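I have a structure here, written as structure tokens, and I will follow up with some questions on it.
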Amino acid sequence: MSNKTLLLTGFEPFGGEKINPSALAVKEFSGKKINGVEIYTEILPVVHKKCVERTLELINKLDPVAVLNVGQAGGRTHITVEKVAINFLDYTIPDNEGNKPRYIKITEDGQDAYFATIPVEEIVVTIKKSNIPAMLSYSAGTFCCNELFYGVSHYIRKNNLKIANGFIHIPFIYEQAIDSPRPSMPLSTIIEGISIAIDVITKRV
Amino acid sequence: MSNKTLLLTGFEPFGGEKINPSALAVKEFSGKKINGVEIYTEILPVVHKKCVERTLELINKLDPVAVLNVGQAGGRTHITVEKVAINFLDYTIPDNEGNKPRYIKITEDGQDAYFATIPVEEIVVTIKKSNIPAMLSYSAGTFCCNELFYGVSHYIRKNNLKIANGFIHIPFIYEQAIDSPRPSMPLSTIIEGISIAIDVITKRV
Amino acid sequence: MSNKTLLLTGFEPFGGEKINPSALAVKEFSGKKINGVEIYTEILPVVHKKCVERTLELINKLDPVAVLNVGQAGGRTHITVEKVAINFLDYTIPDNEGNKPRYIKITEDGQDAYFATIPVEEIVVTIKKSNIPAMLSYSAGTFCCNELFYGVSHYIRKNNLKIANGFIHIPFIYEQAIDSPRPSMPLSTIIEGISIAIDVITKRV
Amino acid sequence: MSNKTLLLTGFEPFGGEKINPSALAVKEFSGKKINGVEIYTEILPVVHKKCVERTLELINKLDPVAVLNVGQAGGRTHITVEKVAINFLDYTIPDNEGNKPRYIKITEDGQDAYFATIPVEEIVVTIKKSNIPAMLSYSAGTFCCNELFYGVSHYIRKNNLKIANGFIHIPFIYEQAIDSPRPSMPLSTIIEGISIAIDVITKRV
């Protein structure tokens, strides 16, 4: 029996935050096995191009059956499963190395956009059944998160790889909302939501 | 040694919601003793005048050292400890018996507004220390919640009672946000927040 | 010299609103000529499939150089020029004939998404220069607006037509916010914004 | 016949903004006469204590029949007529001289709060009749605006003056929302709203 791997990524802190809940949540899955699939975790730099390059390296190295990228979407109230990655960047804040690309395509040879190939509707429905607020989202923004999501989606199609991929945006966690009036969720809820998403994905691969 | 009681109230569901998290949270404290103070709980009708009358009856019956009223403030992201009760009603939705008083004073013989007499700042700081998003709020609205908060505040002053009183507004819980994009909190967080508030209040009385 | 036409559409009221500002704004341009291009206006039904069909009929009849669809996006604070149309529908409220398609593709033979082909970045920049709040948007939702935007985008590509197309979402107008605490704009600002968009588009065709 | 004066104040810019729409709007009324009442305008410093002191000086000098203070409430969607001034300060950002008082009373000898004595409900209704989004507000915050509103309210009562007073919070104007996704209004709408408020107030004095 072949060894199956799911590549699960989070991001470093950015935008003045001291933590990134995507990193905290993703680390919880390091080395775990879910439905017979090994979870390989990586925390990516919030840096233009580098976030994608590192992930593509890992895809080549690991030959995963699925890639699930997780990122922080401050201000959202729900765990949001992204439907669409677009071939467009507009960094309204600088990344962690000071890059701020505006109004550019990610690649010249890609489609305008790609849908996630993980079962996003089923993931949302299943998370909600566990009494966790979850929704589909139709925009992953125009920052690193979308760049990574699009970059992975495009690479998989271009190389005809059999990899299901998708992106989950998570809210701030309590620690980040203690001193500001913005929505947040306990980290434990976020970990449970991601766990359900991985369960749905790995049952299918 | 005399028996000390804290009167803790929640509200029935209203406004089309099937549950009211204030009722669910408050019930958890029924019959408990915190810092030697017995917690007496009551779920109040969301009805103009009746919500106040029932509470004043209980104050007369129980002679509590403190009154803490809890209500749902849908849309808020934090547990909010109310600072101010105002002598004004404007029901923008009907109560559970169809009353909809607009632009009226609660009583002709009261001050424009009263501050809570529980230590609101200390409660907020202490809840935040437990990593729970909490804030002061400067408006309890113009519906039943404010009517109750003002009614109790005015009665205590008018009768020179030695009762500390205050009001806590809580967000929707997860169940109420599953199908709508609005902020929510797990019920467990809300119960913990109220528990901390009661601990701070009962240490002082 | 050939007669050039720009097809400009608005929508009927929907979702319980008595007016649709997109219809009010669009009607202002009926019969006008901007940069030598005649503006043909149409108010579309907020009905699944029919909104697209009517527009495709008009495209066939008018052979326009550009199609600009306008719709109401209640809750937005800015005039938002849509970048992306997606091949996906999820009506969270019923349309004006009671249809409520959930989680379906608009067409089986289309790409996941298409970008607008009007110069969206230039339109936003130019509107902003006139001191009108405008932004790009990366999601036209999953209701009629996106269906129309995608339907037109797909038809143009499938038939290799030389038509620039795009979609502008506008906020509520003052009339719609008088009794609810939601963002709004005067109709005059919206008309000015659309006028600038048409000016930018017609200069290029 | 005695000369009647209404004192109308705005504020300097603060909090990183380059303009304060309250100053821009208030200046429009300088030297005007409405319903026989002269409008005296002043732009106040956004500075703890000083904003109140300057206003009380002007009250002593001008002996006005009414005082209307106007301030910016960034993030609000409507012109909001404040109902309640509270005896409490909590500056969550520093004022223009770096002061940041936290959790303090404005004065030891005042009531917890005072209602505006201008006809706030009538002002809101009348502004709305002119198709301008307006609402009552039940919290003027805990910054300079509330300090001024409370300071004036307390001084008038303490000295038994026959002066109607109130506070209007206005949204950002378009200029302030061009590059951020936040609600705004054209300055002309704000000026019209204030004009209606002054008309209602001066008809009564």
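All chains are identified by letter, namely A, B, C and D, in their written order; residue positions are counted from 1 within each chain.
We take it that a residue touches a chain if its C-beta (ideal position, glycine included) is under 8 Å from a C-beta of that chain, and two chains touch if they have at least 3 such contacts.
Just so it is clear, the structure is predicted and the values come from calculations on it, not from any experiment.
Taking each chain's centre as the mean of its C-alpha atoms, give the chain farthest from chain C.
It is B whose centre lies farthest from that of chain C.
For chain C versus chain D, what separation do you get between their C-alpha means, in angstrom?
One centre to the other, that is 40 Å.
Can you check how far apart chain B and chain C are, centre to centre, with Cα atoms defining each centre and the answer in Å?
46
Indicate the whole-number Å distance between the mean C-alpha point of chain B and the mean C-alpha point of chain D.
Chain B and chain D have C-alpha centres separated by 31 Å.
Going through chain C residue by residue, note those that touch at least 2 other chains and give them in order.
Correct list: empty.
Please categorise the chain-chain contact pattern as a line, ring, star, complete graph or other.
Looks like a ring, each chain touching just two neighbours.
Show which residues of chain B lie in contact with chain D when the two form their complex.
Against chain D, the touching part of chain B is residues 83-84, 86-88, 90, 103, 111-115, 121, 136-139, 141-142.
Within their complex, state which residues of chain A touch chain B.
Listed in rising order, the residues of chain A that touch chain B are 77-78, 128, 131-133, 135, 174-175, 177-179, 181-184, 186, 189.
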